[in-house]
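The first chain written gets the first letter, and so on, giving A, B, C, D, E and F; residue counts start at 1 in each chain.
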Amino acid sequence: MRLLVVQSNTSEFMTDLIVEEARRAASPDTEIKAVTVGFGARGIECRTEVAIAAHATVVAFAENAEGIDAGLISCFSDPGLAAARELMPFPVVGIAEASMLTACMLGGRFSIVTLGARMAQPLRELAMQYGLGSRLASVRTIERRVVDAGSDPGSLADEVTALSNAAIEQDGAEVIILGGGAVAGLSRKLVDRINAPLLDGVTCAVRMAEALHGIGASKARAGSYRAPAAKEMVGVSPVLAGLFSEKR
Amino acid sequence: MRLLVVQSNTSEFMTDLIVEEARRAASPDTEIKAVTVGFGARGIECRTEVAIAAHATVVAFAENAEGIDAGLISCFSDPGLAAARELMPFPVVGIAEASMLTACMLGGRFSIVTLGARMAQPLRELAMQYGLGSRLASVRTIERRVVDAGSDPGSLADEVTALSNAAIEQDGAEVIILGGGAVAGLSRKLVDRINAPLLDGVTCAVRMAEALHGIGASKARAGSYRAPAAKEMVGVSPVLAGLFSEKR
Amino acid sequence: MRLLVVQSNTSEFMTDLIVEEARRAASPDTEIKAVTVGFGARGIECRTEVAIAAHATVVAFAENAEGIDAGLISCFSDPGLAAARELMPFPVVGIAEASMLTACMLGGRFSIVTLGARMAQPLRELAMQYGLGSRLASVRTIERRVVDAGSDPGSLADEVTALSNAAIEQDGAEVIILGGGAVAGLSRKLVDRINAPLLDGVTCAVRMAEALHGIGASKARAGSYRAPAAKEMVGVSPVLAGLFSEKR
Amino acid sequence: MRLLVVQSNTSEFMTDLIVEEARRAASPDTEIKAVTVGFGARGIECRTEVAIAAHATVVAFAENAEGIDAGLISCFSDPGLAAARELMPFPVVGIAEASMLTACMLGGRFSIVTLGARMAQPLRELAMQYGLGSRLASVRTIERRVVDAGSDPGSLADEVTALSNAAIEQDGAEVIILGGGAVAGLSRKLVDRINAPLLDGVTCAVRMAEALHGIGASKARAGSYRAPAAKEMVGVSPVLAGLFSEKR
Amino acid sequence: MRLLVVQSNTSEFMTDLIVEEARRAASPDTEIKAVTVGFGARGIECRTEVAIAAHATVVAFAENAEGIDAGLISCFSDPGLAAARELMPFPVVGIAEASMLTACMLGGRFSIVTLGARMAQPLRELAMQYGLGSRLASVRTIERRVVDAGSDPGSLADEVTALSNAAIEQDGAEVIILGGGAVAGLSRKLVDRINAPLLDGVTCAVRMAEALHGIGASKARAGSYRAPAAKEMVGVSPVLAGLFSEKR
Amino acid sequence: MRLLVVQSNTSEFMTDLIVEEARRAASPDTEIKAVTVGFGARGIECRTEVAIAAHATVVAFAENAEGIDAGLISCFSDPGLAAARELMPFPVVGIAEASMLTACMLGGRFSIVTLGARMAQPLRELAMQYGLGSRLASVRTIERRVVDAGSDPGSLADEVTALSNAAIEQDGAEVIILGGGAVAGLSRKLVDRINAPLLDGVTCAVRMAEALHGIGASKARAGSYRAPAAKEMVGVSPVLAGLFSEKR
């Protein structure tokens, strides 16, 4: 299976980190192709950056779809997920949705531990949008910029551990989702320090993408996820516009 | 008050139609500035087009914010609404949200009558995302392309009337929202044929924008709607990138 | 536009306070007529008082409807709102509903700060009844009687500020609604001390009433908000009974 | 046990009908005292009439509480239920709430069959207000005035049967609630014609009142249902006002 | 009325305790027959034990149904409730459901105070499953094994009191449900120490069973609660299998 | 990976059918061990049979857990899922939950097409219990016994096709779940006749089990899914009882 990982911010070093974790998570016969989006923020930490990233992610899918079997969006806001799912002929997953659905199979309610207090409300909204509001115990956040996630890893690990255990003891969480591409891989190091299953978004998403590919459901031919109708597009990526042309 | 109307698709003739309706709806002291987004689809009828329009809408806000008191997004998917609300120093409304909230003050449950069956599910999701799922009676759709909305107006009026009355009688709707910038103004002509209040999104949004301006709430200084932090942006509109620069 | 403000408790001094704030909030061409209800409690602080106030409010509407374009109920429990909306030929707003809907356009979730711990649960129920339960972050209350709201204003301001900031920091509120006619005007003085938009119910309701008048939706001719059928009434205000007579 | 039945509309013949059904439903040691409210509509069929009835019901409770062990409100909108529950030292039930809760113990989802299409939406709202929205399959209504419920009983029985069976077959109802004091007793005659348990509101409420009395829970001393604080009341029933006086 | 109480764990001493409380709660003309299930855990404190108890409870109903008018399941997880309700010709109640529905008639939101932290999430799920999620304020738990509930009663009473009052003051509970057959009777001793109505599950369930019997609704002949179709059963209680045979 | 498939009814021929489909669905390195439960109904079509099957399923897990990496319950009611998840050291999936979660990644709302009208309501409840009520468009059922699923396959295929397309066109479904172990494999034959992705429960569950195994989350050490405490068990499978003994 060829899996396209779209990294929705413009920091190449984060793509490297994520792809490394994706490769570790993947089955042996999964081949990973990673692309960094062509425009947008260096790290995605607010609603505007999510909006820009959604477009950039869709463009990246359009331009890299050749020969791909499944897609993965490695930003915890799942920017462009619904659009890519509609546009592409293959299944697409997002790390937030994939980890929330995984959590549903491991416990009663889950908490999200992530970077940036201002994303707490958007993530609550995301869970509700997915119809999973009643499964979300809480969102707990660390005040640290996404681009700085890698610095002082010991202190970050300590903060994540403290928040995770607080979510378990005070908020009734039974599963912890460590949210964000920037912290990909961290969960592996904390397994022994946290008393509930600890989920890494990239890992969950890789495995969910493989599962969807294996299930082999057909592309929708009705409803809001069927391929878009032909349409004149102005000022967008020519490849993307091509997907909307009559002759495609 | 200076109101910026951002038309989120790239069809100028639709901007003209919408701005005409917006001017008719506005208070005498509201001055309207309308802009058509710089890129994207000629009409917004699928999830991908909404995603592109969200970015285009945010760019349009960034580039036209000077001297503006309130903003309005005139596409019924409210593309970029949360982002524009976060980014701009003034209040921003969307025609879908504005008409749904208006409907809440006029009846128990509302139905949306709009163009394009494939938007039914996304609009249901939008209502749920706004926390208004229990107020939505149904979405009823007409199979007609957005760019063709203006042709054969009599037949369109008949279809809207039939669907609206079906929503009232069969779905328990007490208010009808006529959804979409493309049908701006049509509701005025159908008032006598439909037994429930019939809402035009542009009209509701203009009046809601005026209301928010009049209320004069301060810009959030905490939470997910405060202005974004400084951030390096790549490949986006220079004016938009400028809003994320350290020196702004 | 002529706006009828019905003050649902029997304290005239509170009507004066509210009408002053309503005038400050209104557009220049809005003329305000205020009436105090003819019976009921001096301040509304429990479920029984709300029930009495609902009837009193409906009577006040019936007796003062002549020449009115829109109505406003200035008690934070919105007593009689659904009934007045059904009975009157013009739009009617309530300060709780109006401020909750306004809050929805300014942030993700809102908290209500108000007087009287025993009203916390009824206000939670009100938000759920409006279908807005998922937008309500919390209700925080001050132990002070409504009729004493005006005494020791500095201490009240301090308490409101402390609770508002606690709601923002601990409950995830992004908008604060200062609930209750008794505290009308207080929000203007606290804008600089609270980091989220701070809404005054009377101000929101005046502007929403103007918006509804401007939108000009027709009166429902079907559903639960159309005018009541003729009916024999016993022992109620003659004017109200008259609205139910065959000959009206 | 002495049970006070408050009939919330002003039609004495309906009180007679209801009290007859209540006596049939009651345990042998339940003594029933019935009162008709002193003001309001002859039948309750719209939101305004519910609002008036809520006040009238509270007055009736205040004026007839002496020696009473439990209260029952026999109008299917439960007017004044929360208020009476707060005000009275004994438990109070309403026929809508009592039958909905009973239905929850007999099947998965219930439908309400009642008189008057305009009450469909208010009854949906009532179920949601009680937190039971997910248990309500549908509301099906007959176009007949409440005061005419007794005329042409055969045709009414046929209509109720048809709607009940439609609710079972098309809406997935597993229990049918026959809503309204005006149809008290009808359900006994239809048991063989309807394939799901058929509930009579008055019967359910009498038995729920007995159950609550038997359970013997203490009156709340905290929260929104504790007895109201002393308060000056203007222009209301002197007995009701007396319940708010300092010396009570 | 003959009431069958099925005690879903295998501890006879708990059956004795429960039946004593049930007799105290019952009306004079209610005759109680109690049975302890034939297999399963000594106390029910986890999901697996609930699953086993559901089967054991259904068997106990099948084997003891002769001459019974109503059934009661005295374990706070209501194991086998839906199944027994389907299988038996008489109404069946569970102590969790019965006390939650009772609470709905006494206050706005209720909290559950029970033994065993690991049951907090399953009880939250139970409330949601009953459609009562919005009425549940919180679950507060004591770390004590069910079989030890009777030891050191003073300390248990103190803990229950502390948690109940915390639920009232911090979680907004207006009714407290003391959950679990193991604490049957304790609530009577704590009435004066807790400021909200305090419900005992067994007492509520006995009275609800009497109410359902009094209401006399017919057994469902359609839907998911009608008697099961004939079916070959393997390896289950012969009496239970007999209920599924063609000749029953 | 060694996957234990527990077939929760006692029909061996159905186990054969399911295991054949499971093998077709599985990755090459997944080894499948299938067991039929030791007691219960030949087909699971009502609430009582689900309750018995839950116990039987847990016993089957206890007795066959040796050397297993993941578990799968192949009955569409997911009997015993929560219990097995708690009890076993490895992840466990159910075909209903797995297909609902898969559907969430393929479309907006899903419908379930299954055998037996009386299971419609229990399946609605299951979706709500999983917190997915807002994603469920409808349940559509065929009147056919589970054990007869294999007879007249052409007519069954036609019925499933008709109901699926009705769900897409009338109920707004964007994904169809073909529910039930008895119809395992049928979906492969209908792909071309149905315009939305068509999911087979067994296929989804096999792939979800592989995904969970691949993700490798640790067993919960806190909350309601950690292994049960030691407990005396009476009259249950010795192996199951052994899992509750002190010395395990």
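In this section, a contact is a pair of C-beta atoms (placed from the backbone, for glycine too) under 8 Å apart; a residue touches a chain by one contact, two chains touch by 3 or more.
All of these numbers come straight from a predicted model, not from anything done at the bench.
By the document's definition of touch, common neighbours of chain B and chain D comprise C, F. Between the interfaces A-E and A-B, more contacting C-beta pairs are found at A-B. Relative orientation of chain D and chain F, expressed as the C-alpha superposition rotation angle, is 120° to the nearest 5.
Taking each chain's centre as the mean of its CA atoms, E is the chain most distant from chain B. Averaging Cα coordinates per chain places chain B and chain F 43 Å apart. We define each chain's centre as the mean of its Cα atoms; on that basis chain C and chain F are separated by 51 Å.
Taking each chain's centre as the mean of its C-alpha atoms, chain E lies 28 Å from chain F. Looking at chain E, residues 85, 107-108, 120-122, 125, 128, 131, 133-134, 172, 174, 223-225 sit in touch with two or more other chains.
Viewed as a network of touching protein chains, the structure does not reduce to a path, ring, star or complete graph.
In summary, the structure contains touching chain pairs A-B, A-C, A-E, A-F, B-C, B-D, B-F, C-D, C-E, D-E, D-F, E-F.
Touching chain B in their complex are the following residues of chain D: 120-122, 124-125, 128, 133. On chain C, the positions that touch chain A within their shared complex are 107-109, 134, 172, 174.
Remark: chain E residues 25, 27, 85, 91, 93, 97-98, 101-102, 104-108, 130-135, 168-169, 172-175, 191, 195-199, 203-204, 207-208, 210-212, 214-225 touch chain D in the complex.
On the chain C side of its complex with chain D, the touching residues are 10, 38-43, 45-52, 54-56, 58, 80, 82-87, 118-122, 125, 128-129, 131, 145, 223-226, 228-229, 231-236, 240, 244.
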